[in-house]
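In the two complexes that follow, chain A is the common piece, with chain B as its partner first and chain C second.
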Partner chain A sequence: MRTYAAYLAKRLMQFALVVFIGINLTYLISHSTPIDPVEQTISALTSFGNTSPEAIETMRQSLRELYGMSGTPLEQYLSFWSRIAVGDFGPSLSAFPTPVSELILRALPWTIGLLVVATLIAWLLGNLLGGLAGYYRRNRVLKALGLVAMGLHPMPYYVVAFVLLVLFGFLWPVLPISGGSGMAVQQGFSFAFAYSVFIHSLLPALSLVLVGMGGWFLGMRALVSNIVTEDYVVYAELGGVDRHRILTSYVMRNALVPQVTGLAMSLGAIFTGAIITEEVFGYPGIGSLLVDAVHAGDYSLVLGVTSVSIVAVSTAVLVIDLLYPLLDPRVQVE
Partner chain B sequence: MPILRTIACAAVALLIGTTAYAPSAQSQDVVSSLPRKETLILENPEGTIKNPGWFNIWAINAGGQYTGLQQLAMDTLWYIDPEKGLDGPIDNSLASEPPKYNADFTEMTVKLRPGIFWSDGVEFTADDVVYTVETQMKNTGMRWGPLLSLNVESVQAPDPQTVVFKLKRPNSRFHALFTVRFNAIWIMPKHVFEQAPDPMRFDFNKPVSLGAYALHSFDPQGKWFIWQRRDDWQRTTLGRFGEPGPKYAVYMDAGPPDKRVIAQMNHNLDVVHDVAPEGMFTLAKQSKSSRGWFKDFPYAHPDPTLPALLFNHQRPEFQDRDVRWALALLIDIKAVSMASYRGAATISAIGIPPTGTHPDDYHIPMQDWLKSFELDTGKRKIKPYDPTIGKQIADMLRPSMKEQIPTDQASIDRSFGMGWWKPNPQAAQELLQKAGYTKRGSSWYTPDGKPFSIRVMVEGESRPVITRAGTMIAQQWRQFGIDAKTDLAQGTMLDRRNAGDFDTLISWSVESYGGHPDLAYFLDSWHSDYVAAPGKMQAPRNYMRWASPELDGIIEKIRGVSFDDPRSIELGREYVKLAVREMPIIPLMAYNVFVAMDDTYWTGYPTAEDPYANPVPNWGNSRYMMVRLKPSE
Partner chain C sequence: MFKIIRDLLRFNIEFAVGTLITLAIVGLSVLSFFSPYPAEDIYVVAPDVPPSWEYWLGTTSRGQDVFWQMAAALRNTLLFGLAVAALSRVISLTVGLVSGYMGGMTDRVLMSINDTFIIIPLFPILVLFYFVMRDSMSWVLLAVIMAALGWAYDARLIRSVAMSLRTREFTQQSIFSGMSPRQIMTQEHLPYVLPIVFSTTLNNMNWSIGMEVTLSVLGFTDINTPTIGSMLYWANQHTALVAGVWWWIAWPVIAVMLLFIGLYLLATALNEYIDPRSRLSRMGGTA
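And then the complex of A and B:
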């Protein structure tokens, strides 16, 4: 147990270091972008009117103060860490003065809701069908599913999304093509709102499931195909163990270990948002928020979203690393 | 295999469930709880608003502007339309008459319209105007704070219907700050804002409206905003023109261009703000209920802006007008029109957009001057203007577009523009040689022996049509032997443009009123006093940093005459002649906006045949279409 405690301490230090370096890198990259949020704002404010150089200069000074950009680079950096240490990312520059944390908290439930469900469905179906396909290799339906998965998996995501959009938004317009919920449906705990959210999530979720499932399917099929040739499986079959039990208790269980790792990583990455999905389907999640922030040079918001993502992914990896030695006896902490 | 059978059954059940839902899905998609026949749905080109609960339009970045807020809820002293307007292009809105200036333009008096009420029942008075000005002067972090504090010495309300502005220096166009072309200084409700501890950090939710509509509801995710016609719409400035047709107006993020096309084909988006030319052609061909500004090709509404090739005049290569002219004569505008707008462009040879009433004020009256304009190449004199280029573009498109291309000259002039500069590589060569440039082999060299290299900065995927124009121009120069390349700016365009970090740039520095001939809206900012030193940020709009004493003289004369003085048109024509001689920018075409309007539910949209308002739905003056829209049935 002492060994495990030492391992835990070491891993926690690594975690802290990764988060610190990751956030610093994001800070450096976002602050070295050639897009200046003050100039972006000034351009937007003056693009439809005649403004004198003196007025522009006054505007520039006011904005620098408002945006917290008036100090030296070192002062700005220290101020950033003093705020982020208490979870305050400051105000968004492109949606001033709304706090970054408020924007993130508003977008996160949509992303988490969509991606968690879609990822879990894709994972469950992909692994289940992939496992069956690997075990019952002569089954025609499963062979056909394998072909579909092989066809879908390498396809660029946006192609699948666009095909779905045209199919269900135009040729057979039965599903909403944009947004998280319908108009004039008040957000809250009501059946109308829940139904509207469900209907609006169908197309983006379907696109994610179709593409995601292919990967899980092929991975699981390959894993199971290898495991069924292992001695202990052959021995069980020769011993007359029920095939269903062999599949579930001997084959799938062992094959699932790396797939669970993959699932944890996927769930951790959810905090970055499904950028293309959200852009294509106009879904109000964290991915769209990040894209808008980058376009607007809103580095407060970029930093907020990426920091949350860095912490989430690092935490997912940490949890996996900590659980593995406890769950899998083959994994040693030393 | 029971597991497989279970999965198959579940999939079939899901499919049946979805299919059963299908018939109602489309109608429920967009306006589920609103009566569609009473609802107008328009695109908000701002996209999804990140902080939708903010309606403080006077604070910076606080919420969306084009969510219907500036179009339907805000109001100010005057409106000016890029088109002909409901009752002429200038509408006295909250003001009851045009502004009155004293002799030296240091004082402006405004008489206000009585009987106008805010949506919460409080009467609008001069105190609201005074409060608007003083509050923003005190807070230079507010949108119009710097402009007001630089211009206004004091503002007073001697009575509830009179406002007197005393200005810090003579300004014959001060009222332009309160005149909506696109937007202007909107009037604040004093009785609401004076309750807020900090006007810059006040969300103004729910907004109190001066317009004929008030906020009904909005998406907390910022996707849509719904406005409802006020019961007391007669007590608003729009009420003079009749009852607004739609009971509800929805401004929504309709997504990227392909989704806007799909949405309009499904009749879920009545007014598309803008689609790519190809999207408009698709709508015109496949949707019988959709149309553009022009009934036929080129469909688009010409904005009162003028995309052009801007030279950076602080670069030594572009300080000689012979070089600028040589580069203009290497451009084949027909090819640029095809590459950018697929031919659906309204070209302009002069530095005025061919929009609204401008063809009557400038383009047509100057045709004779343009035809006789001579250019000295150093070896000979040429007349570079070809008055038939617009017609050539129409003729070029006719075989493929057939009856969609107008045949009468007036329509062709209005749709495609009139003449442009005829490509003349020989004259270009002579002009470059006159300027000291030399050709060695197939490449051109500057007078100091360096390769003549030009980067044409283009915006990239965010503005594909204009980007294609720049790419075509670079290609044409390259074919002549100049080392020309496109310089893709992507998201850095505004920063680099303002910083002067470019050789040449496809953008616009000309924006006019369109429906009124006064050019001060952009021309005043071209005064050399406004030109920033190299490396410093340039204030709008003289991004090319052109400094000309002759132009300064024209601008100063315009400043000395009033807005409606006919002499300002004459001075405007002087500017045009100077700009033709000097070619500080190469004018290309109007910024054509492919506004698509669907008459399935509503008719009476503004069109080229009935140009009573600007149709582009994010412009403040698009509010006028509300009173002309009628249900289709």
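And then the complex of A and C:
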């Protein structure tokens, strides 16, 4: 138990460090900008109609407050942190005066739902099939799957997304190709809404699963074919241990350990895939929000999405890291 | 060196196919130097011509010959990948070797920073960078940023090798003969690490090219320099798929996928060469 406590403390420190460096990075980048978000907002707000110079000056003052750009650089830095800590990113420019945090909170469940489900399905299927392909290396079907995975793995996400779009959008239109749920369906806890969400998530999830699976498949197959040559597996086979048992508890279990680390690390990368996928399928998640914010020049929204995604991804990695010792007892000792 | 390559070509099908694909892509990108049109110019040929004898791969809606456009795009994309890989190799080698050899506190500090860079989602940060730079965002700047962000995973790999080298006898001998840590790292350990550096270079190129294409498709890079990503961006802008100009999208996608597969195969083959255990199982040693 003591070792787990030490492990926990170490991982929590790591989590704090990641968030600290990440947020500082966004602060540094965003403050090296030649654009002034305050002047941008003012010109956007005053482009229609006449506003008196005094009113503009008052507006400038209050906007400086809102965007946390008043005071010395140190004061700005400290106020940035104190606002981030409570999740206040100021008002959005493109949806003025809606707070950025509200826009993000609305988009976050969509992305997390889609990503968690798609990532887990890809991981489970890829590892299962990859493990089988590594163990039964003479099987024709599994060999063919290996070739498919080889072709899919290096493919960019959006290519698969485009192909699915053309297939199911134009050639065989059975699935909705855009949006998070049906327009006519009232959002809330109802069967109709849940069904609509499910149907709408199928294509984006499929594109994520197809590409993600290839990588897990290849990784697991390589790991298993290495483990199969280890002495203890050979002994077990010579000793007549049931092949099914060798596969599940001798081979797969040991091969899964590095794959779980991979799962944690890929969560950061899969975020990238989700942004394109959401953009292609018009999915109302955090990726679409970020892309729209960049095109609209929405300074505080871009900053908010970046910060939130750093926290979200590092939290996911932390959770997986904390579950890790359950799978591999060696981790605690280290 | 040449003997190794010859043997790999002869006995390792992945290496042979990977080399063939990569060489074809490199050859195509070298051809771009003989292009009859400057790559940045638009409306130099009739727009929207399907593949024909005159224009082998067709022309774009912006009046560019897809073949020559793609050759220039591949050249820039390859150079981009090489630049990112080369720059980030310097960082990952330094961090990996120092961390692995020094151990202790140095190792702990360096690895904390390293793990942070592995976990942080880089894509939103790259988007943020584009957002603040916008008009001054150039090809070179993006390469430098990506190199500064994308070294961590390989540094960890290099560190693990350096750690095992440290316990070997020749390292002890070098210490006793009075070599400084810097000398040991550069003269004794570096040669052992180089094979890994080759294979991580290929993987890093794949990563950076994929990232560049992804950013470009959304329009988040310098879209006026022809790269595979900016070609796809312009094709999307002109809704090429809907307009039926499929050749504008299909050829660059096929080219970049071949490049990905080629580099990936080379990296796998090299990994297998470095770790012969997996070669044994591939030859059918067991089950």
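Side notes on the structure shown:
By definition in this document, the second predicted complex is superposed on the first by the 238 of 334 C-alpha atoms of A that agree within 3 Å, B and C clash if a C-alpha of one lies under 4 Å from a C-alpha of the other, contacts with A are read in each partner's own complex, and residues count from 1 in each chain.
Convention: a contact is a pair of C-beta atoms (placed from the backbone, for glycine too) under 8 Å apart; a residue touches a chain by one contact, two chains touch by 3 or more.
Quantities reported herein were computed from a predicted structural model and do not represent experimental measurements.
Of the two partner chains placed around the shared chain by superposition, chain B is the only one that A:179 touches, whereas chain C remains out of contact. In the superposition on chain A, contact is made by A:314 with chain C only, not with chain B.
Legend: residue contacts after superposition of the two complexes on their common chain; A:46 is shown touching chain B, with no touch to chain C.
In the superposed model, A:302 makes contact with chain C only, not with chain B. Once the two complexes are laid over each other on the shared chain, residue contacts for A:169 go to chain B alone; chain C is not touched. More chain A residues lie in contact with B than with the other chain of the pair chain B and chain C. Legend: residue contacts after superposition of the two complexes on their common chain; A:72 is shown touching neither chain B nor chain C.
Once the two complexes are laid over each other on the shared chain, residue contacts for A:63 go to chain B alone; chain C is not touched.
Judged by the touch definition given at the top, the superposed model places A:139 against chain B, while chain C stays out of reach. The contact surfaces that chain B and chain C form on chain A in the two complexes overlap at residues 34-35, 136, 162, 166, 294-295.
Against chain B, in their complex, chain A makes its touches with residues 34-36, 39-43, 45-56, 58-60, 62-63, 65-66, 92-98, 103, 106, 110, 125, 128-129, 132, 136, 139, 141-142, 162, 165-166, 169-170, 172-187, 192, 196, 199, 202, 282, 284, 288-289, 292, 294-295, 297.
On chain B, the positions that touch chain A within their shared complex are 1, 3-4, 7, 18-19, 21-22, 25-26, 28-34, 47-48, 50-51, 54, 59-63, 140-141, 143, 145-147, 149-150, 173, 176-177, 181-184, 200-201, 216-217, 219-224, 226, 250, 252-255, 258-259, 262-263, 265-266, 491-492, 494-496, 498, 511, 520-522, 524-525, 529-530, 532, 537, 539-541. Residues 112-113, 115-116, 118-125, 127-134, 136, 153, 206, 210-211, 213-214, 217-220, 241, 249, 253, 256-257, 260-261, 263-264, 277-278, 280-282, 284-287 of chain C touch chain A in their complex. Residues of chain A that touch chain C in their complex: 14, 17-18, 21-22, 25-26, 29-30, 32-35, 135-137, 150-151, 153-159, 162, 166, 222, 225-226, 228-229, 234, 237, 264-265, 268-269, 271-272, 275-276, 279, 290-291, 294-295, 299, 302-303, 305-306, 309-310, 313-314, 317.
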